[in-house]
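Below, subunit A partners subunit B and then partners subunit C, in two separate complexes.
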Partner chain A sequence: MGALPVELENVYAKYAGSEDWIIEDVTLKVDRGEMVVIMGPSGCGKSTLINVIGGLIPHIVAGVVKGKVKVEGIDILKEGYRAIVGKVGIVYQNPEIQVITRSVSEELAMAPENLGLPRDEIIERVNWALEILGLRGYEKRDPQTLSGGEKQLVAIASVLTMQPRILMLDEPTSMLDHEGTKMVLNAINNLRENTEMTVIVVEHRVEWAVEVADKIIVMDQGRIVLEGSPAEVFSRGEEVKKFGVRPPSVSEVAYELRARGLDIPVPVRLSEAYKVLSEVFSVDRIKER
Partner chain B sequence: MLAGLYREGDTVFHRLDPRPKLAWTLLVLAASMATQFNGLKSFPVFVSVVLSLALAGIGVKIAFLLIFNASIFLLVTLLIWVSMYSGAGVVLAKLGWLTITDVGLLVALGKFFLIMNPVIAFVVFFASTKPSHIIWAFQKIGVPYKLAFSFVVALGLLPSIIKNAGDVIDVQKARGLALDRGNIFERIRRYAPILIPLISRMMSDVWDLSMVLASRGFGYAKKRTFVDTPSWGRLDTLFLLLSIAFYGGIAVWGLYL
Partner chain C sequence: MIELKNVSFTYPNGPRAVDNVSLSIDRGEFVALIGHSGAGKTTLAKLIVGLLKPEAGWVKVGDLDTKTTPVSKIAEHVGYVFQNPDLMIFSATIYNEVAFALRNRGYRENEIKKRVVQALKEVDLGHKPLDTPPYMLSFGEKHRLAIASVLATEPDLLILDEPTTGLDYARCLKLMEICERLVKKGKSVLIITHDFGLIAEYADRVLVMKKGRIIRDGATKEVLGDIEFLEKEGFMPLQSTLLARKLGLKALTPRELASAILERNP
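Showing the complex of A and B:
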């Protein structure tokens, strides 16, 4: 059996100069091809966790990390950041700062150029990334002239050209308008369907998360406080709300009905809610009561 | 971030390989240094760089900005060098305390061109050369990739600093900060609330950029690949030879004749 893409055991992390641990006692296993969505209030350590998995802390950003951090079977605390370069791609929230060059094709070629890959392979990868993210026709465009959503797609494509085994996105839609958000979330769905990459996303849009996630992680004060499938996590409504995460609207309706004495399962997706509520409000069921 | 001064275009200068263009800017610098004590001799260099502004398709706005700033600089240079050389050469005119001599005027012009010619040449170079080509050219001449990239990023940060400063000024003005009142010292003091948020914003941008670059394998390979590379053609050879002949000739004229 191959190594897990991400394996953390009792991990503690903090930045240089900070007294308290930003993440504390985090244990996490992510399976191959899994889609994980991390949620939680601001400052709970989501971005720090991404940077620890990506090997940036402590190798690029000064800090202290304790515990076991294995990415693609590589102990990055021992073997260093270079051991996982190209295996992990990270996309950050600010699209402005992530577009560096003067054309989309240059931008996409940058990471594999840094890896020193052969020219033909880079061109092949750039074409693949353009295709998979629907950026065909944008090759010669100056990224600065694109909309926020388009820039974020270019940023995603720019790390995809490394063909990473793990793609991590840190609040990729938090600085985008509605259209841009739709564009980026659709792109992530598309990647999920058409690649075998393991995807870890920090995202607050819960309705989207429950549709696509295999696993949802809720963090609070540096710790993982809830973990499981969307159904498992949101069946614990009170706890979820306590940690500052808004449950899906359909789950909230179910909480309310359960509070009024109806023994129904908690749906997390609209399709499930339709089934549950059709059952509850069916004529036969009402007659039964 | 790498945008800097570069302007997309399809001019003669845009089509040139960055290496002869870089050599040209260095030749302009050398010729201007060799003729710095005689403005008449460095004038042809000035004409050539102004011509290159047009050949590189530099926008009217940038050209006007350069010329406007140059005229202020010219006045300052004239005042300083003319007064320093007021005792040498033939007196041409006396304006109050200022004695203008032919030597003073030639030196002042030479010193003015010593600064202006290379400035214009470098503007033409950076405005007509893709940042990635500049990095490639630097690497070709032995500059380490990381250093070349950092240099080009630093240039790219200049417009970003100006934009950020404008944003911070707007925000602070909206909060009641009056920058246009009081004497010069009071006005300078009033800029403190601009400087601190600006520096913190730029630090944050640089921090984010370093994370982005790290996550894209920056500096990973010993030999980095360049997909888009310029190629040396006959035009480049011709341009280089003409530049050597022209600026070399002027340098010899300035130094020995």
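Showing the complex of A and C:
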């Protein structure tokens, strides 16, 4: 059996200059090909966790990390972040600061060029990334003329050309409008369906998260406070809300009905909600009145 | 209170960002402005606050025409929280940042301190030492500081440009509660956001912008309940609204849907 993509044991992390731990006693295992969505209030340590897994802290950003941090079987605290270069890709929330060249194809070629790959391989990877993210036809476009959603797709594609085994996205849609958000979330769905990549996303769009996540992690004050499948996590409505996480609105309908004395299961997806409610109440009865 | 008549604006060498917009916002209204990126929402907000002057038409804040009134005078009535807090924050401490506009208006220092402390508390920054340099704050905290500086001035119209970026759900709710309190006091709120959940819960009215024009202006229930319109324009309707329709009911929010279900199935 191969190494797990991510294996954290009792991890503590803080930045240089900060007194308190930002991450406290985090233990987490992520399986190959798993899609993990991290949620929680701002300042709870979500981005820091991404930066620890990506090896940025303490190797690029000064700080202290304690515990065991194994990524693709490599102990990055001992071996340094260079040992995982190309294996882990990170996309941040603001596409404006991630895209730097004057054409989409240059942008996509930059990372594999820096990895010193042969020309044919670079071309092949750029074509693959263009294809999988639906960016065909954009090759010659200047990224600065693209919409926010399109720019974010370019940022994701430029990370994909490294063909990382783990893709991490830190709030990739928080600065996008509905069209841009749909574009980026569809692209992530597409990656999930067509690759073996392990994906870790910090994302507040809960209704998307429950559709695609294998596991949801809720963090609060540096700790993992809830972990499980979307159904397991959102069946605990009170706790979820206490930690500042917005539940899917269809789950909220169930919380409301339960609060008014009805003992119904908590659905997380629209299709499940319809099924649950039409079983409890006759839909025909609802519709005909 | 705010009135725009046939307002147009074009950036130099750019497309027409606002195109023949007429609308008014009354006292005590909680209005949401939605639209995709580049629709002209922020330009419209900047026209209302007088940072941009219309090339055609006029904007009036009360009796003041923004074309002929200094921005500082308009700012006494309209508070605008930018999307990017870094564009707003320039003082060396969080106290001075919030106190700045109050000092400009000639408030006494004890009144200023009272308002600063209250405003910082309202945005959950009350625990920070008042001499904290703003650059030490996270993006979300800076955003809340920017909101506090505007809240402290108690403007007649508060404009929030994408306030949910950098705010988590609990803090978004808290901000909406602050807005609700302002509205109850007769103040008005204009919020630019993509968050339909918050709009459905709090706003009375929704304006939809597209290519510089207002293409829809109506009650929240009517606009966010029009699933065909939202989908046609590329928006994502609320799932509780979609579920309501599947069940043959009319409701926007989870609470409304739960009530509608119980009413039909007592």
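Here, the second predicted complex is superposed on the first by the 282 of 289 C-alpha atoms of A that agree within 3 Å, B and C clash if a C-alpha of one lies under 4 Å from a C-alpha of the other, contacts with A are read in each partner's own complex, and residues count from 1 in each chain.
Assume a contact is a pair of C-beta atoms (placed from the backbone, for glycine too) under 8 Å apart; a residue touches a chain by one contact, two chains touch by 3 or more.
Keep in mind it's a predicted model, so treat the numbers as computed, not measured.
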{"item": "Clash-or-fit label for the pair subunit B, subunit C on subunit A", "value": "fit"}
{"item": "First (subunit B), second (subunit C), both or neither touched by A:I90", "value": "first"}
{"item": "Contacts of A:E9 with subunit B and subunit C, given as first, second, both or neither", "value": "neither"}
{"item": "Which superposed partner A:G148 touches (first subunit B, second subunit C, both, neither)", "value": "second"}
{"item": "Touching partner for A:P248 - first (subunit B), second (subunit C), both, neither", "value": "second"}
{"item": "Angle, in degrees and to the nearest 10, that opens at subunit A between the C-alpha centres of subunit B and subunit C", "value": "70"}
{"item": "First, second, both or neither for A:I60, with subunit B first and subunit C second", "value": "first"}
{"item": "Touched partner set for A:E279, first subunit B, second subunit C, both or neither", "value": "neither"}
{"item": "First (subunit B), second (subunit C), both or neither touched by A:R260", "value": "second"}
{"item": "Minimum Cα separation, subunit C to subunit B, after superposition on A (Å)", "value": "5"}
{"item": "Doubly contacted residues of subunit A, that is, touched by subunit B and again by subunit C", "value": "none"}
{"item": "Of all residues in subunit A, those that touch subunit B in their complex", "value": "51, 54, 56, 60-61, 81-82, 85-86, 88-90, 92, 94, 97-102, 105-106, 109-119, 122-123, 126, 142, 144, 158-159, 162"}
{"item": "Residues of subunit A defined as touching subunit C within the complex", "value": "40-43, 147-148, 174-182, 204, 207, 244-246, 248-250, 252-253, 255-257, 260, 270, 273-274, 277-278, 281, 283, 285-287, 289"}
{"item": "Residues of subunit C touching subunit A in the complex", "value": "35-38, 138, 140-141, 165-171, 194, 197, 234-236, 238-240, 242-243, 246-249, 253-255, 257-259, 261-262, 264-265"}
{"item": "Subunit B residues within the subunit A interface of the complex", "value": "1-3, 6, 8, 130-132, 205, 208-228"}
